[in-house]
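Both of the next two complexes hold chain A, though its partner changes from chain B to chain C.
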Partner chain A sequence: MYEFPPFFTRQPNEDTWRLQLKLWQDVVYKWCLANNEWRLTPSADVFTNKRIDRTLNIDAATHVLTEMCRKGVAEKLENNETFLVYKHTPADLATELRQWARETGHETSVLTFYELSEGELPSLEKFINADDITLKRVAEVLERRKEGVAMKEEGECVGIKITL
Partner chain B sequence: MQQYVAVGAEISTEASTAIAQQLVQLEKLVLKLESKYGKQVLEDPSSRAALAEICLSLGINPLHLSLEKHSRTPEFYARLQVAVINISQGLSSQNSGCMSLKQLQHQVQTQLREKVTIKEVTKAITDLNVLGPGLRLETLSNGLEVVRTVTGELSSAQGEVYIACDALGYVSTEVLHDNLGWTMEHSQEVLDNMVSTGFLWIDDQVSPAHYWNPGIIENQI
Partner chain C sequence: MWIVPALTPGGALVLEAQERVLYEAEVTRVHAMNQYRQGTVVLTSHRFVYIDKVKASSQSLETAVSGLKNIYFIKQAAIKQNVAKYITEENLGKLYVEIASGSNEDWSCAICFSVNRSTLDVCELCGVKREFDLSDSDLSASINLEPEDLPWKPSTRRGQCPGCMHVNHAMLRNCEMCGTELLQRESDYNELYLNLEFKKVNDCQTLYDLLQKTTTKPELNVSESQSSLYGIQKLRIGTKSSVDRSNELLKDINSFQQFKERASEISSLAQQITSTHHDILLGASEPADVAKQIATILVRDNILAEHGGLLTLHECFAIYNERRAIGLISPGLFTQSLKLLDKLGLPVQIRQLESGLKVIESRSHNVQIRQKLLQWIALLSAGAGHSCGVSARDVSEQFKFGIHIALEELQAAEKDGDLCRDEHISGLKFFSNDFRLFRTRNNKISSTA
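Moving on, here comes the complex of A and B:
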């Protein structure tokens, strides 16, 4: 797909464009995973294939990233054109954390972002190297589900208190 | 006398409300019966006929019963064929009488609001051919399956584009002009048409634009 030149031109047929959008989201996620680089702009390297000299234009690329935000697998960062792609979505991580807390008797524990992202808690591999923004979103999901509260320090979110 | 009329009217209203209620109950019962024993009923022709009769007398369209979904009945294929004809006729001016089997399947599903497999669409088309050659199923040299209305001047033009695509990987207005002797305008028209229906993908980062057959990559999707 990535070697197919017209993949880098937005197709006029709506159905085709929808398919293209879906395929591009896949490409973006795999690129992030392969490069371990989760922040990108619409002019990121992933949108250019140097081998065939084709670039998905900024408009179309923005569309791809915006669509990812709409699906809850990425978010637009404040004040610039950068998007954060979640390695694991906050919704998935929140579910994982609840299960873990239940199984390991941490129903009322406080977990700091530091502990989570440094991998200090056993069998929570998905949280290793998670960035603070994603973790903050996990806290928000848990708050919405009434399963946790965000712990703050000087106005910054630094941890999660589980309340099962 | 007036009193009798009033009482009479009251009684008949009551009676018709009661009957209406009973009918609703009955309809519910039939639908329940159908969802519970649909499969058995379907397998036994006489109970199927009996159910259809009950449905008709109650004003329920038997074709809409969910038992039609358990397995493909002749009625299902009839509906499918009607959809296939509708779509291939309705679109023949837009797509020059030719569309990929996948697209047809997609549109049939939208129209019937249920899942239909490629195999079922193919069967519907094959069965339709008994009635005369209206639709033809073709496998292009690159393996893409297309449905073609047998009339339709432009569809042969599209076929030529496909063959050129297959030989070169992509085509352009110039390629068509040089190899098929078409005017630039005619080439552009055919290509635009095929892009707008999703048959070809355009690469506009070269001049003149290249047009590719997505069949090459469709297998990877």
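Moving on, here comes the complex of A and C:
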């Protein structure tokens, strides 16, 4: 797909464009995974294929990233054009964390972001190297589900407390 | 305004001097009386022309040289004395020229009464020489006051009685000898004379000499003039030339017959050519007839097939008119007749493409084109081993479409999802829509996973 020149042109046909959009999201995620780089701008390297000399223009790239945000697999960071692509979506993580807490008896205990991202807790590989913002979103999801509370320190979210 | 006198045929320029000229003539003849005027004097072998510097069209004068008489060259000293009030320069030369009365008017031929211009010496129509009625003008000659010390004597005395030739005093109305009524002043107005004043005496001298020469050699003038022959001599020459002419006519008729033979050869050749190629369409001026002819050409002569099954209307118009060769039809009639294609049940039809471009195509042709196009692109991709794009130009070359039609077809296919585009600096190319392939593949993956 990445070698297909029309892939780098926004297709005027709406049906084709929808297919193209899906494929692009897939490509972006895989690229992030391969490069372990989760912050992207619309002019990121992923949108250019030097081998076939094609670049997806910025409008279309923004469209792709915005679409990802809409689906909850990415997030637009404030004050700039950078997008954060979630390696794992906050919703998935929240579910997993909740389940883990239930299975391992960590309910009602406080888990700091540091503990989670440094891998100090067993069998929570998905949280290793996780972004602070992602963790914050996990906390927010848990709060929304009334399964946890975000722990704050000096106005900054630093941990999660899983509730019953 | 600047007027340059054109030479009459056979005339030759004798002298041209741009000098100061003084008109002294009667009011009826020349508008400017007793006024200094500046201008150019041109003397040709036949004419004496004065062109006024300021009012060339109204104040200029043209007269035949033959009409000039009594030319006097006035010495400088005399001028100084007599015309002193006009003179500012010291070394002026002055020329007094009398012009025969009537010489500046159109004259009628004594034989055929045709009216000729004053500059012609010979009747234009019959070639008879003009008769100068000099006796009259002599009779009515100058009553002008002439200075006593001018070195000439007028030809006829003022106040001379026409009956007894007694010379009366100028102011008398009747002859003091016989009582005959003397000529009225009005009649004197026929007399016209010029006072030419030159800045340089030399110019004056040369003009004087030349005038003398030209006027005293009338035979030379006649031989130079346009139609110098008249009378029996002319008739003789006339018959000779008519014989020549009939000879030439015969020659012409012969060559014309040769030409006719050639022409018939050419026309038979042309018929052969047309019969071997296409019929030249003739005559049809009714929309229905035109429509039928269009359909006939497009289908029978495989025009549509040659152009990939589609023709834009202007291409079709051009082809049709090319076939007609003569009596071309107007675009209006063309569009009118195209409207009748469906009504008459002809095998071609008009289709409007996405952009509004109208094309003419065979009725059975519509679907085939798309399939051919897609097959061709697939074939190209298969041959190259990867997806291949085609531009509108490629398509137009492959299928002999017009380039607009090619683009229209590609866009239509894109709209239906059969193709997708690649916009690049190198141009717009269309690829087969592989997004669909990838989707099915992804679906398979996701379903298996």
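The working rule: the second predicted complex is superposed on the first by the 164 of 164 C-alpha atoms of A that agree within 3 Å, B and C clash if a C-alpha of one lies under 4 Å from a C-alpha of the other, contacts with A are read in each partner's own complex, and residues count from 1 in each chain.
The rule we apply is simple: a residue touches a chain if its C-beta (ideal position, glycine included) is under 8 Å from a C-beta of that chain, and two chains touch if they have at least 3 such contacts.
Everything numeric here is computed off the predicted structure, so don't read it as measured data.
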item: Simultaneous placement of chain C and chain B on chain A, clash or fit; value: clash
item: Partner chain(s) touched by A:Asp26 [first = chain B, second = chain C, both, neither]; value: second
item: Touched partner set for A:Arg54, first chain B, second chain C, both or neither; value: both
item: Contacts of A:Thr9 with chain B and chain C, given as first, second, both or neither; value: both
item: Contacts of A:Thr95 with chain B and chain C, given as first, second, both or neither; value: neither
item: First, second, both or neither for A:Met1, with chain B first and chain C second; value: both
item: Chain C-contacting residues of chain A that also contact chain B; value: 1, 4-9, 11-13, 15-16, 19, 23, 53-54
item: Residue ranges of chain A touching chain C (in the complex, touch as defined); value: 1, 3-9, 11-13, 15-16, 19-20, 22-23, 26, 53-54
item: List of chain A residues in touch with chain B within their complex; value: 1, 4-9, 11-13, 15-16, 19, 23, 53-55
item: For the chain B and chain A complex, residues of the former touching the latter; value: 103, 106, 170, 195-198, 201-206, 210-212, 214, 216-217, 220-221
item: Interface residues, chain C side, partner chain A - complex; value: 386-387, 389, 414-415, 417, 420-424, 429, 431, 433-436, 438-439, 442
